[in-house]
């Protein structure tokens, strides 16, 4: 019983890391640009398909193809920004959020149907030769694909933090997040910053897609579910709060796993949504956000 | 102008009359089913528009009210409650749900409200699927008739449109629009934002619930959780936007357009209709926030300007002519 | 406001006009009037009424959405069978004294039962179809069979194991497909035959029941049949379809010492179950998942985790009945692999329907219905006859994934490979 | 150096600035004074490229800049300290200053500029690793000016640098501005604190309801009857 609970919590944390990673891109984009890209789940889907085809056609290991996935999604994100989202940047914040939400929703409809057309409705997944290997610690099993989630998430969290904290571009992104007008007066080209943040967010979604394809399965209509998860996590962590997002993911993962352990796995998704609504109503700045940020 | 009004009134009467006699003239069930689909979407898009369009609260949980309405009506009706009673119960329960969630939901502003309502509908969808996973069958299949269902939808749609039209002309309607333009400004004018949002939500939910009730009566067999699906929010919302939010006619145009486009495209190019519809939706949100109605209005002002100009030219010509005559 | 109303009125009128003359996919010249007896009484030859151009059949198939991978297999089966029959001129209808080709009008319902229902209504009124062919997945059939009953149109459906629908007294519903009671009975029967030594058999069953009508039915039957066959149900759990994480269920099954898994997940859930079982180190000796492994991409998606998983697919391309070789050849050309498992049963549906029409000798739906009810014929899925409730008496082969391929392992006279047991 | 000619500006439908012409010469301190809502901030936003003017010409060092992007204008050597400072509160003082040197031209000389700024505002050097959000009001204003100086501008525009500061700090602020000016920087100052700014400025413009209503030497304006009665009372 106790060991089982331990296993459950570990799985909750590992899966929660994936939720965090899925939300990371969404949160980055929202924080910097105030675009609410509800087509994020579809970007995750594209990432999943990119690594799936790299695996099945080129024989590339899904973890080795991550750079390739990043490039593809980065370019896709840049194109999306230029073609669609850049048209909303002049709007005041509130209507910007609303309009990008609507536009992104239209995009998700388009992407789903394009995916159906080109990837078919078949369920796809990546199963590597080493997927069932695991190590045991105190009677709790740590399967490699799940541990990989945590490793990849931590790596990308560190990379993202390094970019944001140490590079000039990263500082420009943070400055734009805090006050785009002041950033503009520093000589920062905010269009470039927006483009870059959007493309980076898309690339992060792509990485998450790889992990989804390895751990679960992918198909054209998977987007909404993952967008929902990302929204929950983003709100839990505080809108645009990068480290908070990962912690939010872990909390969601734990909430789900404990719900299935103590109540029923039928209600794990519902539990996440309830938590989301409670936080939304009673602490809209997120569990870790301060009012100012 | 007065003459114009009479023409419009006559047009409306003609349309309604046409819709009333339609199933008697066209005995084709498929056409009637198609019109029912259009009416259902008009109901959903118009009711969404009351809160989403006129009050400016992007409600992504409209399906929750539609679903609750259909669930209530179907359960009561299947279990032997008289039809009319179970039918009305659908709308009433939707309003009750609206009142329960309204106060906390409206603590959320703007985008928070949108994603909050989306989460709410998803939650209900999953929960109903968990509790009532089974298929609901029509209890009396042998005596199924399309006509009463058609008139039910028609009547409900007319009532919804009429209510919306009266509402937006009323003081409450003006208050709703003031809230849309800016809550703080509205409050400073003494308009309670919460009150108006709650009223709009309740009315919107009521008609969504009634649409659900009609759906429950219409459909031969469906899963109880299905009307809670997000497409029942997203499709009507897209229709309202494409037609033009914050207008009475917009959702109607949007719904008609959606269903026709879908029918035409399904027949000709397979599954492309959603790609085209999605693209159109994006274009409208980005470049034509007034929707198709705006195109029409622009076109009309363009026309009237043109005729006015032509009249002016004619007038000038006549004057010149008269001058000429005088000179002769 | 008045201005708006006028626009509204205009639009509604236009829409109504458009709606009333919406183009049908093709004009439907089907004559349903009874032949005029008074015509040409002097002729010595039998005078036939003018035959319709086609025998119209309608279908709604999930080609996209969550059942898309099943529906597309079904569609291929229908298309192949109709092409084969029409290559021969069609079906001979005595009433018209000639062969009439079949024509299928099929729409995609996106795996949405509501859309499936309106699709069937549409083909009924616009194409005046004499019969319906079903889509895929029990949950979809549950919605569409009611329409067949309402419209009194014979309905033939596969990928359809739900038995309970047949107990609603529907007269027009026929399904030449193994049903839940067959599957529950045969899983133990097959296992006992394939593993003759009792000590080697698994003993403790874990049942993961999907929380749907059909899941409830099959789960209950598994449970009921286990005891008499010599097995114990050690763990029984329900889950909602769409669950992405089964670790709790798997760990509890493990804790209950289950060495055999029975379930009926949809494809994504099934993939998640076998992958997570492997990750958690649960190694049951036998896994039967009805439905999920039906997907042609199962092997690719699950790799070694999905290997040795068994299912009751209703058919397999390796069976030795007449006509299968031709189907496989065609499928090989079109898709570079032998026919998928739902192609055969779908093909058989059209065979049964064609035979029924020919026997009825008319395009009257009730006559065709009666003829189908009396079916007793060889098809690509073997001998088929129907019970009074519309369920079919058909072969129920056990199929197992081996090295990324589906192999037929039971019954012995049809098998294409040996049963792999226990799961390595 | 900076030359505005017949600039008209609209906010949505409303005209905020009516045909404003003014100029700032090299080495000067020029003040733009006027009541709240006169359109001073709007004018600065337009010069910086954050908002577009409807018509008119803006010339900076011989370049037409009225259609340029804000980042280009900074690159040309025109920097603005926005109203209220608008420092990046979530970042350290040093990071704020580094961002000031974002443009390519300034990045090369970042270290010299940093020393220069620390020399002007020794307080910033003491707090360089502190989170900017924790600074006091005076320090924030220093940081905002220091940040703008980091881009090594030729013309510095200050929007209400004295706003919200205690009188003693205001005085010090004006002293600093004068000091910076002595080091060769041209300054365009927007202020409500008429007395101090007119004492400081070489020249001044008076803006009311979007129109220039007066212009002259700073000290001359101080004696203007209308100015005296309206602002100094």
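As written, the chain order gives the labels A, B, C and D, with residue 1 at the start of each chain.
As a working rule, a contact is a pair of C-beta atoms (placed from the backbone, for glycine too) under 8 Å apart; a residue touches a chain by one contact, two chains touch by 3 or more.
Since the model is a prediction, treat every value here as computed from it, not as a measurement.
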item: For chain C and chain D, chains touching each; value: A
item: Per-chain CA centroid nearest to the all-protein CA mean; value: A
item: Farthest chain relative to chain D (centres taken as mean CA coordinates); value: C
item: Geometric centre distance via CA averages, chain C-chain B, whole Å; value: 38
item: Centre-of-Cα separation between chain D and chain B, whole angstrom; value: 52
item: Distance from the mean Cα position of chain B to that of chain A, given in whole angstrom; value: 34
item: Multi-chain contact residues (two or more partners), chain A; value: 116, 266, 269
item: Chain C, residues touching no fewer than two other chains; value: 63-64, 211, 240
item: Residue list for chain B, restricted to those that touch at least two other chains; value: 126, 130, 271
item: Interchain pairs in contact, sorted by label; value: A-B, A-C, A-D, B-C
item: Chain B residues touching chain C - in the complex, by the definition given at the top; value: 4-5, 7-9, 11-12, 14-15, 18-19, 22, 26, 28-31, 33-35, 37-38, 126, 129-130, 133-135, 137-138, 141, 144, 161, 165, 169, 219-223, 226, 247-249, 252-253, 256, 260, 263-264, 266-267, 270-271, 293, 296
item: Residues of chain C that touch chain A when the two form their complex; value: 63-66, 68-69, 72, 211, 237-240, 242-249, 251-252, 255, 267-268, 271-272, 275, 278-281, 295-298, 300-306
item: Of all residues in chain C, those that touch chain B in their complex; value: 1-13, 15-16, 18-20, 22-23, 25, 63-64, 107-108, 112-114, 117-118, 121-122, 124-126, 139, 142-143, 146-147, 149-150, 168, 211-213, 215-216, 240-241
item: For the chain D and chain A complex, residues of the former touching the latter; value: 48-50, 69-71, 74-75, 79-80, 82, 86-91, 95, 98-100, 102-103, 106-107, 133, 147-148, 151
item: Residues of chain A that touch chain D when the two form their complex; value: 168, 171-172, 174-175, 177-179, 181-190, 292-293
